[in-house]
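One chain, subunit A, links the two complexes that follow: it is found with subunit B in the first and with subunit C in the second.
Our next item is the complex of A and B:
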């Protein structure tokens, strides 16, 4: 187990380096440091000396990858790429280009994002699996046909529609919850209730259809027939046998996204005024704030790798036949 | 729980704490977080919405008077101005600008003005600054602004104003107006070079105590008096003195924020500005909410007792002489999307609202004359509408350096004039702006000296007079001009090749195609083919800087209400390509430049107006822009907001806003009674589903048993 984890850790280093290099190259292919300075200084009355001063102050005055003015290995060290990468691998994300601490922003924004994403994930999983089991149990009946039709309809509708409809009906017409907003602490339930319900609803169609197909595949297998032959009732067969054996494909999708819940949801947070991480990257890209973009892509990559590790661990938990070797 | 809730009077969709229900709080929304709040750096409307309430430059605009009038804010009187010649001798105010070598402003601030409470002013029993130096013990205990336990204040002094002027030159600050001001303030450019040298020695972000380095152009004369020296004559400088760039910054606050550990906690002038204004920023979370609260040390400004004719009748002088500000607290909430913002305004949770194109039809009902009014639904709620014209202009520029559309030959001029006629901005305003704008006859918008409404201000190249009204000239006129330009029927008379023009813009999103198609359609009226070159902001600016454009979309927001701030956009030495100035059409006309040099030194009056009329006539003939439109802002306010007057130049107007919290609480409660029956229906559906599953189960079990 430990060997396996160490090996995966060793694989992660070149992956993260590659992601970092790719982000860096792509960003600076589109935006030069001069462009970034102009974006931050505005369009009125900006002079070239002001742009040069901004670059020096924010560390963008160095060459990108190779510093021809420096001898030996310093030619590689005294560059933008090297300096920024070293700090990031030390998890020092520094300041955004408008001078605000990125670590502080991440800490402040992760909570609100999780307050939506985690309940949505858990509740969504529970609802989707529950509905899928119900449809499998009632397979080939009118309930199944109705359920399949309903899920197809639900999955055909844009998630934006659920948000706008939810806000319009629940918050605007029925006036049961605030349309948007957030407060930290226990009172936040008032604000997160609608986004959670809407997010779960938006995922019900896809999730239920997907899990139904997994369970239908399982239910036709020999071990299910054996279980029934032993006289087990249908609920027992579904919950103790079909669900457990259907967990591996479920885990593949579910556990991998678990760490990424920290990253929040752009659309939901934007419409419901949740001060989370969802819009942090988009705002940063629009403002050409490379420091934030780089930090968020790096964190996203790390979380994705963690998600993959967790998936492997979950496999072995769900299926004892899986071994780390 | 829901049943219990249904029995109480609680408004369930209220996004604010119950304790605030009848509080004297103004609720506003914001779309984008301000990039900077440091007075030397902030240069955007979203930043001014906050900083103008906190910081007090020496001058401000009178709230009610029009045309916009400067008055002292922290000064005892308007600054005294002395012109000096080359020998240092005083010149009369009417002196020829060529003789004026230096303008000297003396500003005397009122004693007894105090800063908002701030930890940088806190002192211990021995009189030593409490947080300067910031000890390791404090650093370990203070992580957010609320963790500071000790606050203090001190009196505003002249040195604070001089310190801020010095900061404009600091490479650590990167003020956007340093380049501009270094051309005017004596010694500012050299001061910037010196500070850059010092910063290189000390470290790019280490604290430099600017008090130790004198700036010849900004000097403290005594505790309450300071002097600013400018090269030559620059009457518009007074307007700059009403902008936050010239607000005071206490040196000890700057030193406080430069201490180790401050930046990591976002303790900076950019995050926590310090001022003497009516409000202080008590919560700065631009991803969620920003809160201004009454500054307990505010020096007691009073509501104006005079205004324009009609102001008294409009109820705008009802509060004359009352102390400001009226509202205790202002809460700005982030609303990134239009629909939630609008619906919350309808529910009474925002006190003001702009109108987007998505909600325009729901919000506005025009009368028979086309005058906009709030829709009947909004009128029933007592919501009122103001429609001020903004001191801004949207236009399409011709690159005067381009070989096809540029230049000053009769042919090139005729081509630009023909296009000016063909591009119908009345239609543009109707389609894309819901009528919220005025087709421009020149670059100067209404409310600014030099603007003339009606026939007297008509652009005779594009319009003509019909029965006392102005009407756009016909396409036949435009086609005739195309013949003069050498492009009959949109083809070169010489080669027969079709005329193809590039249209540079930064249009993005779903509406981009509509904008581009509309412009293509306008040019197609003259059989001109158009190729749109949409690019991102950086690429677009790059093309403008290099002069690689033919037609380009642009706009200008006024810094101050003076025609110079619009007419300088055509001044030859300000050409974008040759000098990096704001003249992005690269227009250069010696006659115009000569008139501009006369006009900019004059006070408003008949002589200046005559010069402006001549300048506008030259611009209309040369047509370096398609003078597009002057945008109008439609602002809705709730019934509980007292009568207010839009002031499109002043930003510090929140102190004049007054609300009736009791009426607001009653209206909110009446408008937001929860509707519970849908939950009952939902519960019924769930029960029916459970029952049908149960029924199916029993049926199956029975069939298995058989």
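Our next item is the complex of A and C:
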């Protein structure tokens, strides 16, 4: 068990190396430091010395993969790829283009992101499971048919619509909560309320449908028939047996996305003016700040792999039948 | 007047897809055709399919591009206009023929905002000026028609309803005649069973859907001769025109992105499942790595880099249309590269099971080559999974276009798309009085397309996957 989990953890290393190589190629080979310098110094009328100076100033002066001027193994070490990778794996992301430390910004912005993402996640899970159970309870009735149609309709609405409509009605017309903004601390609740409700709404169609299909699959199994044959009433069957077994795939699936909650949501945060990691990325995109985007890609991959690892852990914990070799 | 066809890359791909789908119907495997016939018997599939066909029709008309020949000048070879037009542009040109100054509400006679105008007595006053479209109507027609304008909305609407109902009835009859010919049944018998709902095909649903579509279309066509049916946007362009132009972009995003994912998912999924061993390890490594990168960020990064590429290589693109085309294709490409992994995983697992089947073992002992086994024995048994996943992903890609355009990394800003419409209209709801129609129109057109695609996908899954396996 322990060795299995350790091996799974070790499996993440080559994947992170791959991610690092891919993002490095994307950001430094397709868009060479010379291009970056030209972009920052103004596209036209840039002299070569100015480019070199910019590269030295921002630490991009070394060659990409192989430094022919250095002897032996230093030819590989004194390169942009090596240095950037070492910093990346040490979780030292350097500075963004406006000279601020990226690591500090990440730490400061994770909180606001989580204050939206975590309640959304928990509330969404409850709402979706509840609705799905209700549909399964009323399966093959008009309520079920209506519910399934409603989930398809909800799924077909653009997420932008939920945000825009929510802001218009709840915040603009009814003036129940502020349209956008954020304050740290306990007072933040009326700023995060609307984004949370809107995000849950946007996910409810997909989630309910998916969970309903999981519960329906579960309800067709033999142990359910046995339970009914024993004379258990329907609610006991549904809430004791089906819910518990159906929760295994649902919760292990949820565990996989748990670490990614740190990343926040690009759309929600930018619409509601939440100073989280999602809006950090949006700002970086608009400013064409590749260092920030690259750092976020790396962090996202690390979090995803942690999620995969946690899923393995959760499976072995939730389902004693699962044995790893 | 002469013209010269222009085949943009995206157009070529989309027509190739249409041809391929047609070929699949014409020469497809029997099981495939049976599933397809089963599909049309579901009322939901019939209704959703007809709506989808309507969208596809608009999109295809908008994918036939050409350039007009400029008026000939003595001693010069034929010159063609720089502007690339599509057949749809010509058909609905009258919608955009009278650009207004700024916002006007749907079916309005006046602009939505007051403008300083000089009154007949020479004074300057803030009034709601008449729309240019209205003025053009007044000049173009006699006095009587202009005076009767109050009832004109109703008159034109009723005429639209009439035309629509007749058109739908005629089309249904045409199909019924064809079906009666195919079944060797008198038309009257077929119509009777159809009306009673005893025919296997849901004729009543089909007829009702056609009627709704035709009535809506005919009413819009009638009204659009005198009004801006869905109003005009901030710079006075007709919203209906833009929404219809957005159909092509939405369909392209859905279709081309699916086309990009297919070879990757199918090829790698089957290879991983069939060969196992190190091939499987490598392919698993590739898709886990790709999966672990947050998709949106990868798309954003790639699109930013592409924008830089377009800026530094302006010579490669000879017209604005080809630049927009390149951008659309690139976007589809990168969106496809980030979203093939889930289908690949499903196909890998399914191939693992198929590999152990007796007929595969038999083929292998008979010395059939690996490639042939994969093509003849494995792939056909995966077709339903591929088809279901294609249609299910389609709607996701259409929705993704709007989000990406909102983030500023979507299709070319000059290209008509629902995402760009939403992006341009993002501040309009905070205006007082509120301007709702550009947003409502973009969301509405997108919603109908995505909803019918989703409903169609559901029916498709039920028709082709009787075991009800979920992804």
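Assume the second predicted complex is superposed on the first by the 301 of 325 C-alpha atoms of A that agree within 3 Å, B and C clash if a C-alpha of one lies under 4 Å from a C-alpha of the other, contacts with A are read in each partner's own complex, and residues count from 1 in each chain.
The rule is short, and it goes like this: a contact is a pair of C-beta atoms (placed from the backbone, for glycine too) under 8 Å apart; a residue touches a chain by one contact, two chains touch by 3 or more.
The shown structure was predicted, so the numbers you read here are calculated from the model rather than taken from an experiment.
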item	value
Subunit B versus subunit C as contact partner of A:279, first or second or both or neither	first
Which of subunit B and subunit C A:122 touches, first, second, both or neither	neither
Which of subunit B and subunit C A:46 touches, first, second, both or neither	first
Which superposed partner A:290 touches (first subunit B, second subunit C, both, neither)	second
Touching partner for A:172 - first (subunit B), second (subunit C), both, neither	both
Touched partner set for A:91, first subunit B, second subunit C, both or neither	neither
Which of subunit B and subunit C A:35 touches, first, second, both or neither	both
Subunit B versus subunit C as contact partner of A:13, first or second or both or neither	neither
Subunit A residues touched - subunit C or subunit B, whichever exceeds	B
Contacts of A:164 with subunit B and subunit C, given as first, second, both or neither	both
Residues of subunit A contacting subunit B in one complex and subunit C in the other	30-31, 35, 39, 43, 164, 167-168, 172, 270, 288
Subunit B - residues contacting subunit A, complex	11-15, 17, 33, 35-36, 43-44, 171-172, 174-180, 192, 196, 204-205, 263-266, 268, 270-271, 285, 287-288, 333-337, 339-340, 343-344, 346-347, 349, 536-538, 541-542, 559, 580, 582, 672-676, 678-679, 692-693, 696, 700
Subunit C-touching residues of subunit A, taken from the complex the two chains share	14-15, 18-19, 22-23, 26-27, 30-31, 35, 39, 43, 152-153, 155-161, 164, 167-168, 172, 213, 217, 260, 263, 266-267, 270, 281-282, 285-286, 288, 290, 293-294, 296-297, 300-301, 304-305, 308
Complex contact set, residues of subunit A against subunit B	30-32, 35, 38-50, 53-54, 56-57, 95, 98-101, 104-105, 108-109, 112, 134, 138, 141, 143, 164, 167-169, 171-183, 187, 191, 234, 270-273, 275, 279-280, 283, 287-288
Complex contacts: residues of subunit C adjacent to subunit A	285, 288-289, 291-294, 296-298, 300-302, 304-305, 308-309, 311-312, 395, 399, 402-403, 406-409, 422, 426, 429-430, 434, 439, 443, 446-447, 450-451, 454-455, 458, 470
